[in-house]
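Common to both upcoming complexes is subunit A, partnered first by subunit B, then by subunit C.
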Partner chain A sequence: MASTSQDTVSSKTQENDDLEPGACPESILNPADTFEEFASEMSSSLQERNVLCTKSSTISEIQSEIAESIAEIKMRATKSSDDLQSKDESMSASASSSNLLEQDGDETDDEKDNYLQSPELVNKEKHVFILSSAGKPIYSRYGNEDKLAGLCGVIQALVSVVEEQNQDILRSITTKDCKAVFLVKGPLILVAVSKSNESETQLVLQLTYAFNQIVSVLTLTQLNRIFEQRRNYDLRRLLSGAERLIDHLLIFMEKDPAFLLGAVRCLPLPEKARENITNAITSTCNKIRDLVFAIMIAGNQLITLVRMKKYTLHPSDIHLLFNLVRSSESFKTAESWTPICLPKFDATGFLHGHVSYISEDCQACLLLLTVQRDAFFPLSQAKHTIADKMRRSNCLIAINEALNRNENLPTTNPLKHIAIPEIRHFMYKCKSTAQLFTSDPISLDRLQDYRLRHKEGGDICVKKIEKLSDIDYVRNYREFVSKIHCTSTPAKLIFRSNSNDTVLAWVTNGFELYVTFDPLMEKDQAIKAVDRLLRWIKNEEQRIFIMNAPTF
Partner chain B sequence: MSSRKKVLLKVIILGDSGVGKTSLMNQFVNKKFSNQYKATIGADFLTKEVIVDDRIVTMQIWDTAGQERFQSLGVAFYRGADCCVLVFDVTAPNTFKSLESWRDEFLIQASPRDPDNFPFVILGNKVDLDNRAVSAKRAQQWCQSKNDIPYFETSAKEAVNVELAFQTIARNALAQETEAELYNEFPDQIKLNANDNSRNRDGDNCAC
Partner chain C sequence: MIDVKSRISSFFIFNSNFGPKEGEELKRILFFHPSQPGPDARKMQVGLCEAVVKFMSTFSSEPCEALQTQTKRYIFYQPEKGYWMVLVVRIPYTTKALSAIGESKGEVIEPSVMHDLLVSSYKMFRMFRGPFKDISCSEIYDTCEQFFTPYISSRNLTNDISDIIQGINYLPLDKNSFFKVMCFIDLLEINYPDFKCVSFVFNDQLIWNSLSKDDMLTLYQYLVQTLLPKEVEKEIQGGAVTAAQRLGRFISPPEGIQIKEDLERLAKLHLMREDDSETREYYLIVYRTLSATVCFTVDVNTNLQLEAFKSLDAFIGPQLSNIASAINEQCTIHALQTAQLATSEHKFMYFNRLNLAFKTSPPINKLHPSMAIKPEVLSIISEIHEGRKSLGNYGEVIIKTPDEYWITGKSSNEREFYVIIQEKNANLKEIADEVKRICEAQMKGIFFYPM
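And then the complex of A and B:
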């Protein structure tokens, strides 16, 4: 049977502690670990939650700097002293729902609950509901939220009874086969009801992402102001059209390990090609004063990110940009000018983004984000210059080869290239740069597939899958990730071997690595293989990671 | 203008225990009546779609417990309501006298932005019974004294005026809602120029 060992790192692995493939001194991404953040969110008390974090606006900061054109302000690295309250009072409030859900069993009650039993709603692996603190429905992943007004009332009542009478926070309700996780964020209540193997923290993380998606459309300032003015506001009016973004985000989060690990996946490119792309951007944009970020992405992967000195982006903000681009077909046909709020960067205001695809024959998308409201034309001009420069230096071909997964590239099918037959799958995160690489990157089309399949159902699937893909492996890694990131007793190394497979999860100061081997592997054998794997990643690091942090 | 598509109204029903709150709701939503009395524990939630002036409106009806020992929801319950329905029993004068305190309680707990114009509706229920003790005139006078709250005499048992009453409830709540749209349809742009202090100019002078 399964043998789980949580050994101290063996002597063999210790040698590798200083090997950190992908690490570089400066990072374009803010590597603050989202996972720990959410774990701390979950242990925050009611009082702490009510204290509104009054963070000054980054956007106005940039603007005032530009306006005054002051020279260099020495940046103080204000390391947030993560006061993780790992008091681990993992409360599970026992709100007596019987009060509210009391069923009399007569006909009328049966009738009113019929909708909850309809095929649109039953047997789903995960539901997500968003409602206002008044109990008005805003979003339901499945079904018609209008018809779920009754359910929303019950949710609101559960949350507020625990809050008001017990001066406590309702975090989750666990039944035999189902977890309901609650998150109160500002004027909204978000709930996930899940039968998946995701942990409470992972579900809270997804709900926070859904909240951030709403903030990204409205800004936190506007969201709070609306409900301060009218607590009965029906937020669907302002979000019409944005439900689609939440739909896509929820699917995206279930499938892509980037969310699980709080990291960003880069499009593997030859070092020279990436350098040329970056140079095309910097040489074109270094005169545009208000430009904060220039980001090029393709298929949920980062190609390059050029930033205003001293500002970095958080992976979760980049994920929202990925999601925006993936969910908006209209960007493909026209240059767009759109307000975008990046909640981690500055939740209080909008950046303005020029969004467009590089050309018809290259599916890379360029986002130029500025604080200037009327910069469309200069940025449009810049985009065309960048595209021309890229074409001349053959960058479009390099991008297309990577996107089309050209068989000759070592990164297209890494497992074949590494030639360690026992390894079935791996995912690697470089912690200092918050970047990720997996052995079987989800291609654009496949994610599309899952989306279509999901539209039809999202039902719990009992069917045995013949060939496991990235997505299935990620599903299996979830429990390992939550053990590694457990705030009370974090594991450093997990080795589990059974007749299905062998999984090794390993975290050091520099990286996180999850590997699936053939069944019944010996520990030494696995460690040797991991050794070789890390050397391969190190060899390819220039290609699979962004190893510098360019600025304008 | 896609925002005109869906409207959801949160309607709260309050009143002493046994006046017929749940029965009225059942008559309105399910077209059914039962003589049996079952106390509501905490709250019941029902929804019904109605059409008001060509708009489809979903009414989210929060039926509350009248018995004090089951009134556990308080502030949370009233928060963000669009309309409040106060019910009394025309055969029980005490339940009529309580209206005043139910109304005050609601205004305190819900603290709506404009309490004077918050839409209430009063229902005098059980008019099918013979032993009437509160006259229509007395009820109407009280309603007039409270900024002209609409008053209906209903029978949940015989479905008298129930439909009409709820129609009025939806219409009055909707009127408030559309007024609100004027404020929120065009949220002011976030001023991005740091030198532009216009935010002080248009805020701050609101008299309320």
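And then the complex of A and C:
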């Protein structure tokens, strides 16, 4: 061991140059730090926020570059603006923007109180409410939105009183055991009421995701236009189906550390297999001119991503794609052609996606995203060619082995393979490529299991924990992640040791690492263990990370 | 030093039951600071807080603690059912435009420090005026005004570690000196059965107390933050010689006790003495000789005689002056010893929840502001202190900041110990060893696990 265990956890700068597992010169993902981005969001003043500017459209940029005079994308907007005209004004807005005390009027209040105390709503760990800025309910994680009109009126009134009378922005309200976090995004108000250990920042991030999920279905342009035309519009009519996406996204965010770290998890594959898959895609697709991204995913993990030069994807857009694929059973049975808006890539317009599973015997899903509205048939053909090429080069077997967590793979049970008994769990994020690896990759069937378990409740239950699951470890990391990324008092390193466990959180210029050890671990032992762990990740980096950034 | 006054946007107390009908909103506001905002602005602020409290009550059975907006933080405290005290603090924030030109964020006051300020202001109020609910509707507005306006404007925070945790500074004494103090108190209580000695303070350090821990903290804070600084100032102005010549005097009431009318100026306290089962009212009498201060309580139903006070003065004066000189000698020796010990530039802090004992490294020298602890570091310590439950019965946490500060927090049962070390190129092990050395040198015999 060339570098002594000393400088591993001490002098970061030299160490980074030697050992930064997973780093590569070019990244398929845009590693822009979600936290920093969020911090700038938090510090925007009221005036700045109200000018929710939509940047110039990347999609139209691509289109003009391709220089094929395609008629401008006409999105579903045409259809939905018809919807807009339709009558149905069953619910008058309960919004009164000026008088809060009036809002507290008795009937609304009683009704609200009673419903919130009903079994379907009481004792939930985390509520999420989305409403229009006029106070009309759009989404509630639990219960029926219609019955929550009173509550939404109160939320709307709180937000607008702080804005209009105090020239300020409402951020959060806390009690000892509960946090309510508010986010105003364009024409929507998003609120999370949580009794979990997530920080305010983490909750706002989740609300931002929920907002992006809505944008992904509608585009920001359409969303803004709808409410410009009719402030009172009942958005639920346009979002039918998207509720399920938000439901799943919320569960997904609570379980998967990818959201916590703003990174993407890759399916561990032998270098050769991944190369073959990428080649199968590039060789097939290089003639299709307006293809922007070809993305292959399996079980919420990225297999490969081939992109048009100059364009990268943000991890949060990939998370939305993961969520879309995971939540839609219909993709399994047939090839689909669907409009998808990727909010970070271009919130103003739709990409068109050809989505399909590679084959019946392989759970890998291929997404081909284009700016062409009528490219279904050429893309469908391309998909079949890719699938054939992959089968011939044995890639399907490699994917299946990884998905089924074949015992012989070093990445199936990393802790056993690393052989440091004191390490109970770890997660690692390579910052330059925004990819992560954890000691216990979540397998497909297990995620399914979480969903089932979740259906039963989402209730708060105090259970005696016998053995921690990986999700419990991730839960424990939340507060460390939030301290490390705290905007006012960030930390480089946190070592916490008590009678339950010892946790080390360490961030350098190149990576973030979170490790759980046995209780009351000695510091020098921990330093040595981390050193060995980093070396193991470095050894396996070709397998567990995507180390290149292929283009068409 | 953080100027609290400039940071406090407003401070108010309300009870929604005081003006339940529409149009009576102003009656709900028991106190409002500052006095500038007109009735509409007050109503609006209180209305917002009422709505927030109500909103949260639908989700949580715990009372509302804080409301955070972009520029302000509202801290809520409900000391008695229905009575809400709210402190509104401006938080410095940068807009995108400001941060682009590198404008700094400015100092942040820890939310927990502000919460403590609220709690201690209420406790002080309750000790001197009694609980809110016992004060009649017609008097409560004036009572609050008379108490809180001077209280708020007199408070300041030094931005030192001592602000994060509210504790009591005890004076360690050798057996003989402590025995002398005890004998003095016993003798006094036997000779003057109406007078009960509740605390013995030397400079700003506590030697003896007979109150419960909560009441003691409040009385201690009253003495060292309000009463004694004024007295010391008077002594300095009056010249050291005259002060030394006089054997001792009553300092509460402020003019001393010379004539019968002075007895009517005695402060009243609401507290629970050792044998009490409920809070009762007592007169507070404070006597001071040299650096020693003794507090007595007398039941308000006692028939006070000027003669008794005269004789008490004659009794305490010479004795207390002897004891004070003896203690002073000891302190000088002790100070010499610690001066040699305290060569380490690392700052530390110790706190024991059971007796509120609090000890820190020598306080920052006002002449060297560079020695002051950075607010970021204070804020991390305050977070560790707030989140000490995560350390369990015993545990430790070491945090390294981007500017090479290492902050260590240890917790063992009810004891906490913090060390701040600024060291480039150190590693975890070296820091842990250094903390262990400091702990052994400063906290001899106090056990922390893990070592």
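Structure notes:
Just so it is clear, the second predicted complex is superposed on the first by the 489 of 552 C-alpha atoms of A that agree within 3 Å, B and C clash if a C-alpha of one lies under 4 Å from a C-alpha of the other, contacts with A are read in each partner's own complex, and residues count from 1 in each chain.
Everything that follows uses one rule, which is that contacts are C-beta pairs under 8 Å (C-beta built on N, C-alpha and C of every residue); 3 or more make two chains touch, one makes a residue touch a chain.
Please read these numbers as outputs of a predicted model, since none were measured by experiment.
In the superposition on chain A, A:I173 makes contact with subunit C only, not with subunit B. Touch criterion met: A:D524 reaches subunit C, while subunit B stays clear of it. In the superposition on chain A, A:H127 makes contact with subunit C only, while subunit B stays out of contact range.
Shared-chain residue A:T58: touches no atom of subunit B or subunit C.
Once the two complexes are laid over each other on the shared chain, residue contacts for A:I494 go to subunit C alone; subunit B is not touched. After overlaying the two complexes on the shared chain, residue contacts for A:V193 are found with subunit C alone; subunit B is out of touch. After overlaying the two complexes on the shared chain, residue contacts for A:Q165 are found with subunit B and with subunit C alike. In the superposition on chain A, A:V154 makes contact with both subunit B and subunit C. When both complexes are aligned on chain A by C-alpha atoms, subunit A residues 100, 104, 112, 151, 154, 157, 161, 165 touch subunit B in the first and subunit C in the second. Interface residues of subunit C, counted against subunit A in their complex, comprise 22, 25, 44, 47-48, 50-52, 54-56, 58-60, 62-72, 93-97, 99, 105, 108, 376, 379-380, 383, 387, 390-402, 425-429, 432, 450. Residues 6-11, 40, 43-46, 48, 100-101, 103-104, 112-113, 116, 127, 151, 154-155, 157-158, 161-162, 165-166, 168-178, 180, 193, 195, 200, 479, 483, 488-500, 520, 523-524, 526-527 of subunit A are the ones touching subunit C in the complex. The touching residues of subunit B, when paired with subunit A in their complex, are 2-3, 5-8, 10, 26, 29-30, 32, 34, 38, 41-43, 45-47, 49, 58, 60, 62, 70, 72-77, 79-82, 113, 177, 180-181, 183-184, 187, 189-190, 192-195.
Interface of subunit A with subunit B (complex): residues 59-60, 63-64, 67, 99-100, 102, 104, 106-108, 111-112, 132-137, 146-147, 149-154, 156-157, 159-161, 163-165, 219, 221-222, 225-226, 229-234, 236-238, 240-241, 348-350, 371-373.
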